[in-house]
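Working notes for the structure below.
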Amino acid sequence: MTVDIDDTGGVPVARIKGEVDLKTSPRVRKALLDVLKKRDTLIVDLSNVDYIDSSGVASLVEAYQTARKAGGQVSLAAVSQPALRVLQLARLDQVLPIRDSIESASAEIAE
Amino acid sequence: MTVDIDDTGGVPVARIKGEVDLKTSPRVRKALLDVLKKRDTLIVDLSNVDYIDSSGVASLVEAYQTARKAGGQVSLAAVSQPALRVLQLARLDQVLPIRDSIESASAEIAE
Amino acid sequence: MTAPEAPPAADNRLLAEVRVPARADRLAVVRGTVHAALRAAGCDALADDVVLAVDEACQNVVRHAYGGDTDGDLVVRLSRAPDRLFVELRDYAPPVDPDAVCGRDPADVRPGGLGTHFIETIMDDTRFLSPPRGVGNLLRMTKRLPAHLRLEGEGDTP
Amino acid sequence: MTAPEAPPAADNRLLAEVRVPARADRLAVVRGTVHAALRAAGCDALADDVVLAVDEACQNVVRHAYGGDTDGDLVVRLSRAPDRLFVELRDYAPPVDPDAVCGRDPADVRPGGLGTHFIETIMDDTRFLSPPRGVGNLLRMTKRLPAHLRLEGEGDTP
């Protein structure tokens, strides 16, 4: 599992790749919260997530709530089929903003 | 595991996809030998083979030997990394013709 | 976590059993086994969900029953009857009070507490059984199979 | 199939153990477990080869020891010492004569007889041990780990 942060211009993007589970989710959590120390918006690219469990979902929720408290926003973009299924089971597809692409998430935040 | 036979023109091509193992190799064997009942050349596309074991290799060898006996040829094309490793372990990379692409295998046979 | 109905897990057929040390970095091994076993049994369509439920139950064993990574083992046994799938999870940790296992309502959005919600949503029945020789814990999860995945007769792949 | 050196498999750490019915359609389950266990142990670079060797040894159990698909089980146990990997394969078939197990020279090109050649090329030592209670067969394969995969100290992922 890898998390790449792209903070070169515009809204920062975190690209998560691989399996997010009990072992790897602490790294996801830290990477997302680290960005939110300096920035108040963040797009999380979930297109290459093969697997995510409740601990991974919890990391996304924590980042989302941290941003909201600071008046910012976390959006999920290009969510892979397996990740979407898990977000739906968690009923978070109605709570966290889920966008088709990085571009649409970023256009929306820029508004 | 699937084997698709493309026999619409030129040299017939068998495209193998997935894992060739003790359970699935009998289907590979039958598909290849069936083509060789009517044709004396065959290209086997191994680009989408994720795994192949000794029983899968044996099916390729049997097809190769059947074609040779009839004065024909079986070539392997676009061999995936995992399949190439197994052919090397079997020292068959020096025996069976292995070509980079369907096109080069087919150009060679057409000569 | 207990439903009214308790189908017997006896007279079922072994699909696969996997044993690993109860550590966060071994849950991927359990997932690998369960996924491959469900595919081999012709249950691809259920595989992702059941793998998630099993992983969540295993996480709970690692985090709550053992209280962190240990050298204690975790055994997951997957079996099936013609119309249902059984997952039995065995650990060697101190006995767990089944009433202490309860998730939260997902409408209450906060991190954590989602594992048992996933398990209850995906599986049809989840209950603690008496572990062999009274040692550790034994959790059994049952999933009813949709009609097209049920077995007729003897073979065990449709 | 016996090499001069016989490293002890005691004092090793369990990576994973998987039990399946000894049938052709379950070998994918063994491969799934072994692959995930080697990845979890930081041995990705060896995974494909070791998975092949284990699969070949399991095939031989299904085809030769049991003589076809049966309801008998096959158990594969993966463990490691700091500098080597052990695979133990247990079956409950009639005892096998170790001298009857021999492959062919791959220079002799014909289908079949490649399994033991793969095993011998990939693994460093392969030998039958006495099975517990004299029932079935127990084959142990050993693979020495390259220096960068050896364990120092206590942790079991590098």
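Each chain gets a letter, A, B, C and D, in the order it is written, and its residues are counted from 1.
Simple rule for what comes next: a residue touches a chain if its C-beta (ideal position, glycine included) is under 8 Å from a C-beta of that chain, and two chains touch if they have at least 3 such contacts.
Keep in mind that this is a model prediction, so the values were computed, not measured.
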**Item:** Greatest separation from chain D - chain, by CA centre
**Value:** A
**Prompt:** Which integer distance in Å separates the CA centroid of chain B from that of chain C?
**Reply:** 41
**Request:** Could you grab the centroid distance between chain A and chain B? Build each centroid from C-alpha atoms only and quote it in angstrom.
**Result:** 44
**Complete:** The distance between the C-alpha centres of chain B and chain D, rounded to whole Å, is 28
**Message:** Among all residues of chain A, which ones touch two or more of the remaining chains?
**Reply:** none
**Item:** Sequence positions of chain C contacting 2 or more other chains
**Value:** 25, 28, 31
**Request:** Let me know each pair of chains that touch one another.
**Result:** A-C, B-D, C-D
**Residues on chain C engaged by chain D in the complex (per definition of touch)** = 13-21, 25-26, 28-29, 31-33, 35-37, 39-40, 73, 157
**Request:** Give every residue of chain C touching chain A within the complex, in rising order.
**Result:** 24-25, 27-28, 31, 48-49, 51-52, 55-56, 59, 62-63, 106-107, 109-112, 114-115, 117-118, 121-122
**Item:** Partner chain C, residues of chain A touching it in the complex
**Value:** 19, 21-23, 51, 53-55, 57-59, 61-62, 65, 82, 85-86, 89-92, 95
